[in-house]
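This report concerns only the one structure given below.
Order of writing sets the labels: A, B, C and D. Residues in every chain begin at 1.
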Amino acid sequence: MSAASNVDLSVSIGGLTLRNPVMPASGTFAEGLEKVMDFNRLGAFVTKTITRELRAGNPLPRVVERPGGLINAIGIPSKGVPYFIETIMPHYAAYDTPLVVSISAPTAEGFASLAAELSIPGVAAIEANISCPNIEEDGKAFAMRAESTQKVTRLLRTATELPLWVKLTPNTGDVPEVARAAEAAGADAVVVANTILSMAIDLKSFKPCLGNIMGGLSGPAIKPIVLRQVFQCAKAVKIPVIGCGGISTADDAIEYMLAGASAVQVGTATFLQPAAMTTIIDGLEAFCLRRETPRVADLIRGVIIEEADEPDLAWLDPVS
Amino acid sequence: MSIQLDQAHTTAMPIATAAGSACSGAPWKASIVAELAEVVRNEAVNAEYRHLVVNCSEEAAAAQPGQFFQLLCPQPAGEQPFLRRPMSLYGADPDRRQVEFLYKVTGAGTRGLDTLKPGDRLDIMGPLGVGFALDPGWRHIVAVGRGAGLATLAPLARAARANGAQVTAVFSARRPDLLVSVDLFHRHRADVIAVTDSEQTSGPANVERILRRLIADGRCDAFFTCGSSRLMRVQQRLAREVGLPGQVAMEQQMACGIGLCYCCVRDFNVNGEIVNRRVCWDGPVFDLMEALP
Amino acid sequence: MSAASNVDLSVSIGGLTLRNPVMPASGTFAEGLEKVMDFNRLGAFVTKTITRELRAGNPLPRVVERPGGLINAIGIPSKGVPYFIETIMPHYAAYDTPLVVSISAPTAEGFASLAAELSIPGVAAIEANISCPNIEEDGKAFAMRAESTQKVTRLLRTATELPLWVKLTPNTGDVPEVARAAEAAGADAVVVANTILSMAIDLKSFKPCLGNIMGGLSGPAIKPIVLRQVFQCAKAVKIPVIGCGGISTADDAIEYMLAGASAVQVGTATFLQPAAMTTIIDGLEAFCLRRETPRVADLIRGVIIEEADEPDLAWLDPVS
Amino acid sequence: MSIQLDQAHTTAMPIATAAGSACSGAPWKASIVAELAEVVRNEAVNAEYRHLVVNCSEEAAAAQPGQFFQLLCPQPAGEQPFLRRPMSLYGADPDRRQVEFLYKVTGAGTRGLDTLKPGDRLDIMGPLGVGFALDPGWRHIVAVGRGAGLATLAPLARAARANGAQVTAVFSARRPDLLVSVDLFHRHRADVIAVTDSEQTSGPANVERILRRLIADGRCDAFFTCGSSRLMRVQQRLAREVGLPGQVAMEQQMACGIGLCYCCVRDFNVNGEIVNRRVCWDGPVFDLMEALP
């Protein structure tokens, strides 16, 4: 379709050129999706986060639905690095699509050594999921603070030559500041964002609906919030911002790109419409054709902010 | 194994093979589809269960016993079921391109299903998961089910008959009027033994007595079960004692239904080791002896 | 109904006893609602935030809808204090329902002097909306940081004898810490929370949907997020927590009370069902009757957390 | 002022009076209700407009010309209109307890309305806002409308006639086939002058010519207008020149519809001072001379 329509869908993310800006969000993608879509159509593969330690994941129930989204506390069940390299990676070798490996570790050193170990042929980029607890700093997620983000990113940067994407948490008060810290420490891109910490209580049992008590909200409900964070981050950094949060349709992807995203990740939408990613790719192309936009990359940061009177300093945080 | 049931295993074949096919050069084709099926019928079969029949694609109508679909339920008034709901295949007709479901109105999703009228569209996704496997050597099989588990076992009746096996079904329910798909089993020349709480025949001791008699009569080459962990344990005990094979269809809450999210895991005992498996992808049908309640 | 059913719906919020825990959220309530519901049934009145300065509010458009919620950037149009006292307050004098006045100011001193001026007969409590920009600290909202929250609350505490409620922002990374700061400085209750900073872009014009560029998300979409914050705050402080975010039904109110809320505020729901508050009150009573809970206050902090194995330290922030 | 139109003003009476009534000791009673009305009819009147009739409560059926309702629109496929949508009263029948709306299918909300079938339920809330006021001294009034503005003006035809006034309606549309409610006006013995873009009769100069003639003929004691700021400006100019009163029904995006949220404000020129008013609560009908385009 691209060839026929002459719309250039490719985007460039810190040295890596993707055939289009659409890829899965970590933890919502696996080989099974091959039965639903042609893997050679995706912009990239992004794996479920892996850790060095073997982990069982969280107690059940692991998901609960809410209007417009779901809360999950899967945890990171992980079978470790050798299993990943020997059993998971070969599935993706058959395709002409770059493989982005999502990693996590409880310490900055752990991140760096895992990134080094995974900097092997077949891996196109590392996505550091730093929304996980930093056991060296009272268990707060690395991405909650600029300092810890800077530290872990710097160590990661020295550990790998691969493009380095740093995935931020939306749960902090100043995401753009954290994005700047990642940029300053050498990240090639930031992924904005992960799920938003949430809770649900069952009114029959009075117990939390999730085995883990709290979990992360994803899906359409969070889109306006994360879109705002992408807009703020794209103003704060020069490196590409990859938008992730509630993207279900091509319109959502376009809104994110206008706000400043160079590419988008699709998570929860795939659970409802397993072919969501390819539908979005088709929709992006159709939109560009209709608007006579030769390259989808022209949409990036395309939002038009008119010079206006100073807005009223509202009861909510002002325009930044 | 019959050709028909082979397909079930093709759908659930090891992932490496599926991925490998990308190299073959043949144009890629979806084997799991989400489609807008057309509702043909959606009627109460008793106070609790509804029978839903939809027109669907060839791929969906090729679903095998024990497989399931993920249904995107309509919103009932005031509720917004967000996730798809897994529903076992209750019947599939490849010629008429139809699939059937049997569901109990429970919460938001099934209340949404209950609003469907003939002609309405329903987004169904499937067929999903690993179904039952029938060994051509089995002459007599025994299906033990309770509750919605009967829906899952129902398509076995037809498949077993096509495979030349005789089926005895032991069905458990709260009351006789809540038993479902007895007719369907009779239609496929299965024997049905009904046990109910109200008649006090459904206790594990009585079911065990029934099963022992079937084994003694040479009428049980394999167990198939769904819907009751109490009855599953009875069968596990007997199967171990007598050395019989068995399969169980498990349930677990699901989000994606296709192996992506790991929310549907259960523990299994594989040769003494506890392993974690995804019900949607590694199952929902598992080896009876490996299942943990 | 209460009398007949014998369910005690009253709750006590820092010295003030409310006939039931249901009240409007600031900015979503005005005298006009008198045509829809009996004002003598509400737990309290909460006014739109007022300021000393005359303010026009934000440029239009001021709201945009999204699935499960709306984003607003009304700003705080304000006609000042004399207008409030002379024209607005008399409407509420006819009712037997406590009047909570929401205030805002650009400086901590401004908050204190406004609170002092409004500590007059007819005002039952002050709600300090500190989600507004602090012009003394680079425009960040007071409630974004524990220090600025502590400072403004301390000044407010010395300025008024009235019960003092401090309304927090959900946009900060550590709401419980900010709640603790408010408690330490003498707040009688915290309101958790305000709207979540969000954005929407129009795909026809490529312009932001709101005149103010960004705005605050409210409605069902934010409920799981704010519910989590209420749960965290109720663990962090001893003073009552008033829950506010996406409450539309009695079930929502109950979930908030179980999470730790002593009372709830209803905002956006009133725009969809103008009688939402009285419907919620009826539903609370019916729930207590059904569960044979003699007092609605028994629901507060009623969530049952079972001793469990240490949860897997997940890719999202851990259970705190 | 007729009794009927007095009620419109009762609904929009100064707030102090409304609140004051709480002291009277009489049990409180809602004057604005949200209710599940029953759809009687929902049909296309031309390529763009649909006519919706619902059975409703006594309170709702007492709505007055120029007032509006907030409709909670059903969700059309794939869209989720969150807010209610304001719709002008197109007709009210207190005897049959019905209200009518005329809407143009534009976005998510009106696409949702378009899915309604007779017998369906629609959540309507109203009557809302300040409607038109008819001075009993007026013998001839002129209604000038365009687009959906015609819907807003329509109930004036009946009310004016009941009030003993003759109505001349000047209706503007893109094409003759898009003119709506001409028949309704004729039924109430109003004169209708249609101007259209396709016939090049709808320009402000021509409308001004028509209005000047009506004034010269003594057939214009007051202007009523809705739906075009270009035509509003023409009337403001003439009204100032000739010293005629007038009323205009304004639109603005709304959230609450009952004066709570301040999202529907517009600027008005009140004796040279610019003041901010809520269209939903202070209007939607305003003094013609105070309105700013």
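Throughout what follows, a residue touches a chain if its C-beta (ideal position, glycine included) is under 8 Å from a C-beta of that chain, and two chains touch if they have at least 3 such contacts.
Keep in mind the model is a prediction, meaning the values are calculated, not measured.
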{"item": "Chains touching both chain A and chain C", "value": "none"}
{"item": "Neighbouring chains common to chain B and chain D, by label", "value": "none"}
{"item": "Mean-CA-position distance for chain D and chain A (Å)", "value": "49"}
{"item": "Inter-centroid spacing, chain D versus chain C (mean Cα positions, whole Å)", "value": "36"}
{"item": "Per-residue overlap in chain D, given as positions that touch at least 2 other chains", "value": "none"}
{"item": "Multi-chain contact residues (two or more partners), chain C", "value": "27, 56-57, 66-69, 74, 77"}
{"item": "Overall pattern in which the protein chains touch one another (line/ring/star/complete/other)", "value": "line"}
{"item": "Full enumeration of touching chain pairs", "value": "A-B, A-C, C-D"}
{"item": "Chain D contact footprint on chain C (complex, rising order)", "value": "27-40, 48, 56-57, 60-63, 65-70, 72, 74, 77, 90-92, 94-95, 219, 270-275"}
{"item": "Contact set on chain B toward chain A in their complex", "value": "15-16, 18-20, 22-23, 28, 30-34, 72, 80-84, 125, 252-253, 255-263, 265, 276, 281"}
{"item": "Of chain A, residues touching chain C in the complex", "value": "27, 49, 55-59, 66-69, 71, 73-76, 104, 106, 129, 131-133, 135, 139-141, 144, 169, 171-174, 194-201, 203, 205-208, 211-217, 220-225, 227-228, 231, 251, 254-255, 258-259, 302-306, 308-309, 311-320"}
